[in-house]
Amino acid sequence: MAEFYGTTVADIFNTMPKRFKPEEAKDEDIAIGYECKGEGKWKVTIKHGTIKVEEVKGDLKGCATTIHAADAETFIGTTLGKIQAMDALTTGKLRVVGDVKLLMTLLPKIFVQYTAPEKKSSVVAKDIISTITERFRPDKAAGVDMKVGYDLAGEGGGKWTIVIKDGKCAVKEGLAKDLTVKMTMPAEIYVGMMLGTISGESAFTSGQVKLDGDMMAAGATSRFFNKFVDPNAKASEAEELITIKVTNSINCRFATGTAYGMWFKGLKEKKFLANVCPKCGRTQITPREICAFCRVRCNEFVELGPRGTITAADVVYFASPDPLTGAVRETPYAMCWILLDNASPQEAFCFDIKREDLPKMKVGARVRPVWAKETKGTFTDLLYFELDK
Amino acid sequence: MKKQSAKPAKAHKKNRNVGIVGIGMTSLSSHKEDQNQPEMIHEAVRAALADAKMTLDDIDCIVHGNMELFEMQYQPDMWHVLGSGAYGKDEYRITTGGTVGATLVCAADNLVASGLYDTVLAIGFEKLQEGNTTGGITNMADPLWFRNIQTGALTGTTAAMMIDEFGAERAKKAAMKYRILMDKHAMLNERAHRRFGLEYDQAEDLMKTSPQLVGELRLIHMCSQSDGACAMIFTHEKKAKKVSKTPVWIRDHITVHREENMSNLYAFEKPEMTHHYAARKLFERNGIKDPVKYFDVFEMYDPSAWWGLDWSREFLQLKGDEHLRMLEDGEFDLDGKLPLNPSGGVIASNPIGATAMLRPAFAALQIRGDAGGCQIKKPVRHALASGFGGTLWTVLMMLEKDLDW
Amino acid sequence: MAAKRVAICAVAQHKNDSDLWYKRFQGMLLDVLEDLQAQTGFDFDSETGVRSIVSCSDDFFDARTISNNGVTDVLGAQYRGEEKMAQEGLNAIGYAMAQILAGHEDLVLVMGHCKESQPESRELISNLGFDPFYGRALGLDCLNAAALQARAYMAKSGLTEDHLAEIVVRARQCAARNPYANCREIIEAGKVKGSPMLCDPIRQLHAYPVSDGAVGMLLASEERAKEFTDKPVWLTGFANCMDSFFFGDRDLTSNFALKGAAERAYKKAGIKDPKKTVNLVEVMDAYAYQQPMWMEGLGFCKDGQGAQFIDDAGLGKYKVNLSGGMLAGDPVIISGLYRAANAALQLRGEAGDMQVPDVKCAVAQSTNGPAGQFHSVLILEA
Amino acid sequence: MTTMTCKKEDTTNCFVFEGKMALPNQYFVGRLGSKFIIALRDKKKIMGLKCPKCKKTFVPPREYCHFCQTKIDENWVELGNEGVLVNYAVVRYLGKHLPKKVPYILGQIKLKGADTPLTHIVEGVDIKDVRIGMKLKAVFAPKTTNTLLDLDHFEPV
């Protein structure tokens, strides 16, 4: 197996179950196929918060979407973020058959970002346990009285009891008899969880961690401690460059004036109202205060359509966010330019076409509008146009 | 009421000539986590000052511009004074959408030519990584209607119209050849952002495999999203000749806008395209009869391969399939009749607020002979540079090596 | 200044209103455009008419990327050159002057609009003018920035609540004579002093009201001005100046940027002592304390003597803001255009009830950015 | 002058739509700013940058002294966590951009070792008792926002 950036393709698939976030994927039901030239094929099946990763020998079957990488370097590089996925897609080194949206939206949501393993982190469970008392935060544990047992199997593992009482914390070798909760797991899983390379949630859900006793107490323990920082990793870690993510939002009151006021009034009555340039006769849809060409005010309104002829059509595959709702649009959809009946020949109207009519849509085709059941005089009144048979 | 004079205004003439004496740009990339906005701007400012062998003390005035809603920074020049060098100086902030970089060059030209300022520093920049580009562009549309329909600047209509006009095979091939030519140029330009190393024999494959965005507009055809800044220094003739061995002169420029409503671009009767109108008027008033022959290089704002190819016909006042033939015959290559975007164009690098300034910047470097790996071999004396923005807005300018027009 | 001169041939103002709910800004601009054309008869012929429009608006207030895109048609800019001044509007006049002096254009239309009533809050927008880490986080905005400056300036100049009330009362008295002002109701000092504290020491009535407005003017070269007017107003000097960004780096009471802009504008216009030459002043007084403070910066009042200036009736003496000023209500971004428009009307003798005799030379000032970080100064002469 | 302002407007067909403008952003404070914020966050220290030429120490950080254009990004100096209030305003209006419940005090605080005051929030003192010249000390935030608010506020010494 070829290694790039200290990682092999197999590493990425092997860590997938550990990086999986079941909570985020509880509504998902999808199979994704991966092909990496020279390395092999994998099928990842995600169903209601469970995940199955299998290497496939023959053809990838039953996958809603398949991702094809031209070579291991591309696959590993884009997974690690060392190569821009957009660039790889652009040049065809990475190819997605099916829904490209998955890459941008679903995968980052349901997986913890893969990070190349530190050359065998030298930290073992014992080291982490030994820092527990210094990481203890009495302010968070006021009034808490509990004993948490850890039974960690494997190299660097052992059995410990953490006693929290009266705002104090102590660690004892061995497991006490009256434990509030006992957690049993492989030592490496514990280390991974503490370092943040394994999702705790997935480790619990996938059964790698066994709990005996008060589950709520187990969940609460992390609050009583500062995060463990790997002292060895610190030196080699890239310097931290601070980013903040914010959504800037400003509520607005948009005036329609008469031009748009008439337009929405028309929609309410299931009518397309355009205003007419008194000089050149252009029917403006949507209406404007003025005819830009003639620079004269347009006060007269006429009804256009409702049927019309397609003058140009765009099928949109790119899933862009809808700025009105923030939701990602479902693709593909069509944006059509329609010359409504009665309109002047230089003014087409732009709108969506019915999804089912996409394959049959062409320039010159006749279309008719489909309205919402109840029209309110807003932009949701008009649903789409459909082919006029 | 007075009566407006019916006789035509005098032919275009400048109060004084203006030369470009300094050009600076940051690296162009999709990642600039290590710099905040003023720091990125300052990198370009320093580079331009170094190029002009000047200090900020030599600058009288700063012109600053970008698209505010990409970074969502209100009146950004206030914060950016930390990097722009505007402290204690005159400063203007003039914007026009995608064209803004070119508008800043026009503004700097006007400000120096007017005699109000002797030396002006213009700065165009964008940190697209800090915003949502497609969402930002979509917010251009009227909130009352078109915002629910628009998909940023993505459109496949030009591809469809070209396929209609020239047949699917020839049109798709030409668009892909254009795209690969731009990448070949970008490979020669060490400053370009995206450099893939595409070969012509990949064309067939890319035509099929590159993901479709809108219609036949595929991901490979589309421009990049970059972070970066460009700064240029302008001064009057006397000083330009003193401080620079190779000042590049701004001969003339024209800005043409059109209405917000795009309905009449896609109906059956279409108006003259703004690019065509701008070029026609500019060439007319400067006595340019054959632009392909006159100009030695054209740096065009080409947001996508389809648009770039289609627009070459409009700007160069070509007819029928002349532009396709020029491309097919290698006339847009570096050793062709009219080298097109030796820099790799906007497809290779696109920090939006700087993009339209990079066009005259790269064109001026060609005139100076400082374009590095992408330098055109034959002497470059006359350059054309364009900007694009808004609803098909255009800015077109002419740069010259000699003051001999 | 270069030998050539630039003239304002006509001005048109839309009446300011606190909530023009029934009109799009496109409609407001169209009214202004038609008014200008009716006054002067200019057209947009590609050879002899207006080929260049300098607009002024703001993407945030308009909630639109490229705010000028929504108004191209109502500016008459179809197939013409149009560039947006993204700063305060007085700079649009400065830049339009440059286009004409450069020889690139001989007619330029300047058009500005802003609907402050559209966004939920102007403070929310000006908060986005601060850097995302050190400024926005603290909730800084143009109002609390002004409050910091007001306290510092009041301490330095001796300005009191009484002075502030006097300024606001006078502004309303002036506005009552200005048909385009927003708040024209005459009020008494007690009402000002009793109005709620917004941000100490700034009270509600010390701050300009939320306003919607639009302004336009036609500028022409000296050769062509006579085609459009018998009463050209000559623009003889313009300059602006930028101060540093962080409040701590600035002396908030020093008027650094205004002094820089004024000095350079006076020099261009050949003005040695503005107190002797200038007959009328329009300042952008978003908050009451700014009237005396900006008058210091413009050189009409000694440094730190703002209180004395008010007591000595300096506002009346130098005919400051006879229009009612921004305190009576016009929006940000284009307040400077309103200032220049009012100065031009006075110079033309067309200021109606506001008119004062013998105005030969006027100054219009505007500011941009928090606590007067940036200032612009325009000199207009009859 | 025309009488545009007096025109009667026909508002029969005019409406107002409630909408919004919202966009997601991510901001980078840069290498220099990261050092400043990490020092606040992890070490509870306020760092300034000193210009060797102007001899002035600035906060918040910037790459160049923009008075003399000297590059100062390496000249870190530790400032004291105490300082003096040199100016203030009281924020009483409402706004969703405001980080604290109104009324609160916005102050300019000159820290020990700094030449430029830092703008920040002052708490723990009654509004009527705020005095210019009062001594304040920094109180750091228990929870990081990776902004200047990792220093939560200043309060009287």
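Letters A, B, C and D mark the chains in the order given here, with residues in each chain numbered from 1 onward.
In the analysis below, a contact is a pair of C-beta atoms (placed from the backbone, for glycine too) under 8 Å apart; a residue touches a chain by one contact, two chains touch by 3 or more.
Only a predicted model underlies this, so the values are computations on that prediction, with no experimental measurement involved.
Measuring centre to centre, with centres taken as mean CA positions, what chain is farthest from chain B?
Following the centroid criterion, the farthest chain would be D.
Between chain B and chain D, what distance separates the C-alpha centroids? Give it in angstrom.
The mean C-alpha positions of chain B and chain D differ by 37 Å.
Find the geometric centre of each of chain C and chain D from their Cα atoms only, then give the gap between the two centres in Å, rounded to an integer.
Those two chain centres are 28 Å apart.
Averaging over Cα atoms per chain, report the distance between chain A and chain C in Å.
It comes to 47 Å between the two C-alpha centres.
Which residues of chain A are in contact with two or more other chains?
Answer for chain A, listing residues that touch two or more other chains: 241-244, 246, 248, 250-258, 260, 264, 288, 292-293, 323-324.
Can you pull out the residues of chain C that are in contact with at least two other chains?
Chain C, residues with two or more chain partners: 21-23, 34, 38-39, 60, 63-64, 72-73, 78, 124-125, 128, 132-133, 135, 244.
Can you tell me which residues of chain D touch two or more of the remaining chains?
Within chain D, the residues that touch at least two other chains are 14, 16-17, 19-21, 23-31, 33, 37, 62, 66-67, 145-147.
By the document's touch definition, which label belongs to this structure's chain graph: line, ring, star, complete, or other?
Here the contact pattern is complete, since every chain touches every other one.
In their shared complex, at which residues does chain B touch chain C?
Chain B residues touching chain C: 1-10, 12-15, 36-37, 62, 65, 67-70, 72-79, 81-82, 86-97, 103, 106-107, 109-116, 136-137, 139-140, 142-143, 254-261, 274, 277, 281, 389-391.
Using the touch definition from the top, list the residues of chain D that touch chain A in their complex.
10, 13-31, 33-34, 37-38, 145-147
Using the touch definition from the top, list the residues of chain B that touch chain D in their complex.
32-36, 38-39, 42, 55-56, 69, 71-72, 81-83, 85, 87, 127, 129-132, 135-136, 139, 143-144
Considering the complex alone, what residue numbers of chain A touch chain D?
So the residues of chain A touching chain D come out as 239-258, 261-262, 264-265, 323-324, 326, 377-378.
For chain A, which residues count as touching chain C in their complex?
242, 244, 246, 248, 250-260, 288-293, 295, 297
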